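The structure is given below, and queries will be raised subsequently.
We call the chains A, B, C and D, going by the order they appear; numbering starts again at 1 in every chain.
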Amino acid sequence: MADPVLKIDGLEVLFPGFSGDVHAVNGVDLDVQPGEIVGLVGESGSAKSVTAMTALGLLPAGAFRQSAGTISILGRDVATMSEREMNKLRGGDVAMIFQEPQTALNPTKTIGKQMLRVIELHSNLRGLAARDRAIELLKDMRINDAEEILGRYPFELSGGMRQRILIGMAFACSPKLLVADEPTTALDVTVQRQVLQLLHAKARQTGASVLFISHDLAVISQFCDRIYVMYAGRVVESGPAQKVLGNPQHPYTAALIEALPEDANPGEPLASIPGTVPNLVNPPKGCAFQARCRHAHAACDSRPVLTDVGTKHQAACWLREEISA
Amino acid sequence: MTIDSVMTLSNIHMRFPFGEDWRGRPHGFVHALNGIDLEILRGKTLGVVGESGCGKSTLAQVLMGIRKPSEGEVIRNFGADHDVQIVFQDPQSSLNARMPVWRVITEPVFAVTKRPKAELRALAADLAAKVGLRPEVLDRYPHEFSGGQRQRIAIARALSSDPDVIVLDEPTSALDISIQAQILNLLKDLQAERGLTYIFISHDISVVRYLCDEVAVMYLGQVVEHGASDAVLAAPKHPYTRLLLDSIPTMRATGGLGESLSNTDLPSNRNLPTGCFFKDRCELAGVGCDVRQNMVPTEQAQVRCCQTAATTPQKVSA
Amino acid sequence: MKNSHWFQVVGAAAVTVGMAVNAPVAMADGDADLLVVAKASDPQTLDPAQTMDNNDWTVTYPLYQRLVAYDVSEDGKGLTSVIGELASTWTASDDGTVWTFDLASGNAFSDGATVDAAAVEYSFNRLMDLGRGPSEAFPGGMKVEATGDMQVTFTLEQPFAPFLYTLANNGAGIVNPAVEGKGDDHGTEWLSANSAGSGAYMLTGWERGQSLVLEPNPNYGGATPEIEKIRVDIIAEAAARRLKLEAGDVHIAESLPVDQLDALGSKDGIEVQNYPSLKVTYLYLNNKVAPLDNVDVRRAISAAVDYQGIIDGILDGNGVQMHGPIPEGMWGQNKNATQYSYDLTSAKKALDVAGGASEEISFLYSDRDPLWEPIAIATQAYLSQLGLNVKLEKLANATMRERFDTGEFGIATGNWSPDFADPYMFTNYWFDSKRHGLAGNRSWYSNDKVDGLLQQAVVSSDTAERTALYGELQEIVTDEAAYVYLFQKDYRIAVRDDVEGFVFNPMLEDIFNFGGMSLSD
Amino acid sequence: MSDATVSVNPIKRVLSRVDWGYLWYQIKKSPLTLGGGAVVLIVLFLVIFAPVFATHDPNAIDLRARLAAPGWEHFFGTDEVGRDLYSRILYGGRQSVAVGFFVVLVAGFIGTFVGAFAGLIGGRVDVVIMRLMDVVLSVPSLVLIMALAAALGPSLINAAIAIALVRIPIYVRISRGQTLLIREMSFVTAAETFKASKLHILRWHILPNILSPVMVQATLDLGSTILLASALSFIGLGAQQPTAEWGAMVATGRNYILDQWWYSAFPGFAILITATAFNLLGDGIRDILDPKQKAR
């Protein structure tokens, strides 16, 4: 098996706050293999974005503290890399796409200028060759009048168009890892579908690995090979997407799926999860989901670890432990 | 059976001028609504779905009465002043962070008439209990609450003037799934208890299917399909409704993401297309699509598409 | 204070930097024949027929000559008696109304024209026609006539005792008649910025607000001056003037605060010269406004001021209390007249007689003289002991003078120095009810008896008689407390010790005899 | 919903409401702000309780002890009529600080209200108000203040009024800008759906929400106002004798700077320290409440 593109071990991140430190990430292990599309799913506060941002060194310095864990990208330990090396890595071997396509593009420069800059920065292509590359990238994104688009400004384009351009730019330097943080949340469903399709196809075509962050179970289920379900800064379940979502082994994953109105009977109340996410200033000692879990019992006062519950399928729950024992 | 409609919209048009020249004459108009006919039934929930730019928000404003349509008529079958209330999408910005919760909740009341503080507080306490908030929260400020609780506060506020109709403008799209379920359940309970009429604006088809009795699908300022939600969403007739439903990712889908759509851009609402608005994106487009389409009743719903109407046998009214 | 030196350096540096903008660029360039004088403010006008300001006279006096000049004693002291300058001899009629002057030959204006009787006639007619401040020193109706090429006759309507002395004053400077061609206003506009005199020096440059340059008049009739160039630098900040003096960039620095002079005198290369002066500082008590229109209130005020405290404190002892209006050193002073002293008990008594005073009294002063503010503050404090409510108003000097003229004030500060050596300068100016306001009677004092005494004294040519008349007058005006007669201050000036030949004359404050001065190496 | 709104972002939380506990926490983290705040408190304390700390009557003259050097009898020396400089500086601070607060209160109050009104009403009213403010802003403020102070007559209260008038546009701009932002928030839209009046919206939604930036501006302004008032007194348009005021003291002391350095130095230091302290505090509070403007 090749080296993982991204490997996170025992990551703990906390944010200093005035009423105490906020323990946002509490021991996350995660890996992304070459060519793999990995989903990171969870509700707000689950720290799925924080985990990814920490891995890419994107959190503002001083605002956080990584108290434990190691991160390696393409086999290199991030801790040993300088700021310059990190910058070179980002936009080179690692690309990123964010939720708001408006803010990622410079409003005062044409699409063409911005694309050429990225291409020239990270490849040997110059002038017309670089321009041809840009057009090719846009065509791959099903943008037909690519030459014309190059002369446009971001505000002249729709959100879907902008996001497709950003994906095109992300692939400009043939990244080995693409981190996509809720790339379609701000888009309409028809556009979302198109963007997801293009992203998926391009990743498969170039063999890039994707770390896909989303709160949308349905999107995750269709897009990803393997997923991590996060809750309160911990991974509670992981495994192949279809397995985890089709046969959830952690009560939280199960409850989440049950709460979807998709299969609900309009006449009956939805199966909601009572309560709210725990306060991470004083994270619970044991299982973080304990307080909201209908299966909670004495064992849940100590922290469960991820254990195999099937082929490549893991869950962090004492309940499974008991069953398998 | 007589239809008890709480509001009737007939042929509503809404256009806004843009880009005035030096004499104050507009360069043109944005055509936000282009002939909306809707009957809103008392005690029922009407879902309004469509993509951004389809005119949902403008429609909500017309329903609220804060915008007067450029054309057409809104008939309200109730008398009181505060008959339509609204719950916004983002509880972060729809609640003033500088007001204590009890003031937030009772604002629709004290914004128009002076009432003693005690009376307002009592009202707030009553409503807070209704939406599942503990009474001690009344003196706190909105930022101290989670998204779900904030949306409960917003709902309590909408209830404070005892409205007949509540417009729910994507009330759960900013919430986590687990919280969304709680809010949807609350809305259902309140409707049952108070006989409220909901107009539920959403892009989330599965929520609409769960919550709504009827659904109206909007495209470029028009309703293109309108009918009972289970029927419409199970067997969409209009090609746009179908496209919309096909686009929605579901956990049960097996075929992956499928093929990419080639044209996802909405036509401009500054210069309305001639003929059928959906013509350029429609796979069925053909003869007859060069003229404006009217709503045609089909077996289960009304559809604004001549092609479907022609192939679907019309239900003979009973 | 051991640390004080550091602050001094920093403070001095700050002031120098701050003032550098105003200061002239190049300083004494090692040229032994350049004399630099530092003044606080730019002259207003250089026309001797217009200027009434000692500040202007610094420049104008050496540019022009007069019929007579103040004499200098054997030991180099300025005297109040006069000798001929342009005039070689003169005679007066017995009744003192006709004065005939014979002009000396050999005097010439800077353009080479001879100073003749026509020029004298022209200059006095011009002065009287213009009728500005300087003309007021001369009696109305005076006729001036050239009665020969080199002879001038003055005819007065009535005798005017101080007449001869007025001819030594700045306004009596003889102007080249050629200025008449410089415009239809007797050349006033041109002359206010140029020189046309026969003095030892002539004006060769004036950069407004920066400096003026004087160079010897090539046609000067007297001994050729030793100093080849004089520059008057305008440096507003006292501290900057002082620093320049210390650095040797300036030879004479005017108007330095008295507090600094002692320290300065101990510096190497600097000499602080003290001269008894006739310059007095006094307070105007506006006799027209309540409560100062009540003589007992004025008496109370006069007794509430700690004269010696002000002299010791503010003047560092360099002055004496005035004994009535006429200063010590001027003939005619009545040493027997009342002199107020600091006596709160009698002040309170006087105020009781007046029945108290509740009105707010305004007190005007300006920053023209750095002593005025401390005097104002001190007076306010003294009067508050009587329960008098004094409101200080610090004004621009010009504004303050306007208020003197309109009489809109209660108390104000003033300095006075005589232009000619006659008690007339103090008595007739200060108390004549025809001179209310800026003209001199700034207390708006009116007393018919005093007016009569003044009139009598001015027409008499008998010094003894005049002394008696002024003596009586002093009794009255002191008793009626027309002014508060504060002090007579020494004239103190800081000069580099290589400046030689300076003669101070109490009539000529701020005026330097450049023609007789020299620089040693 | 993205993680951006998670409670791990404390800045966002505070933006929604002044949270004094949080503010204190942040101030504690910034030594400059803390130092500035501490000095401001000390200055305020000394100045308010000037009669307690003063060793002499600030207006009592003693001509025989004029221009005395600092020592045990007179901590900071005496001035040209022998008044105790230490006591005068304590009392003088009252003038300076009072002017600062007066200006900030008056300008802040009027400016905020006018700006909010303009922003909320919009249209012609807005245009007229803003053009008027532009005119005021386009004239160098010190020149305008001097002109106004000269026209009103030289006194400290007139100087304060002049400064306040000239600083109004700053608050108008801030409050109008904020009003335009807040007007677009959906809680205002919500209030419109309740058929609330403009006055209701102004009272309950606009004013409470524009308070933070206005307060930040006000704190920053305090320092510069104290400087301005001192500058006016320095050039003779502010406090008049015998009132003790720092700027006026520096101005008079300037005549004695070479031999009596303490006369200008101590009131100068008082101005420097106080203005700097207020500015540090203001900067710190701005960085905390309004991180967008933080200088990087």
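Note that in this section contacts are C-beta pairs under 8 Å (C-beta built on N, C-alpha and C of every residue); 3 or more make two chains touch, one makes a residue touch a chain.
This is a predicted model, so every value here is computed, not measured.
Of all chains shown, the one whose average CA position lies nearest the global CA mean is D.
Among the remaining chains, the Cα-based centre furthest from that of subunit A is the centre of C.
Subunit B and subunit C have Cα centroids separated by 93 Å. Subunit A and subunit D have Cα centroids lying 48 Å from one another. Subunit A has residues 43-44, 215 in contact with two or more other chains. The residues of subunit B that reach two or more other chains are 147, 176, listed in rising order.
In subunit C, no residue touches two or more other chains.
By the touch criterion stated above, subunit C contacts subunit D in their complex at residues 1, 4, 7-8, 10-12, 14-15, 237-239, 242-243, 257, 259-260, 263, 306, 309-310, 312-314, 367, 370, 373-374, 376-378, 380-381, 392-394.
Across the complex, subunit D meets subunit C through its residues 59-64, 66-67, 69-70, 80-83, 154, 236, 240-242, 252, 254-262, 264-265.
Those residues of subunit A that touch subunit B in the shared complex are 43-44, 142, 158, 160-161, 188-194, 196-198, 200-201, 215-219, 221-223, 245, 255-257, 259-262, 264, 266, 269-274, 276-277.
Contacts from subunit B toward subunit D in the complex involve residues 64-66, 81-82, 84-86, 88-90, 92-99, 103, 107-108, 111-112, 141-143, 147, 157, 161, 174-176. Interface residues of subunit B, counted against subunit A in their complex, comprise 51-52, 146-149, 176-182, 184-185, 188, 203-207, 209-211, 230, 243-244, 246-253, 256-262, 264-266.
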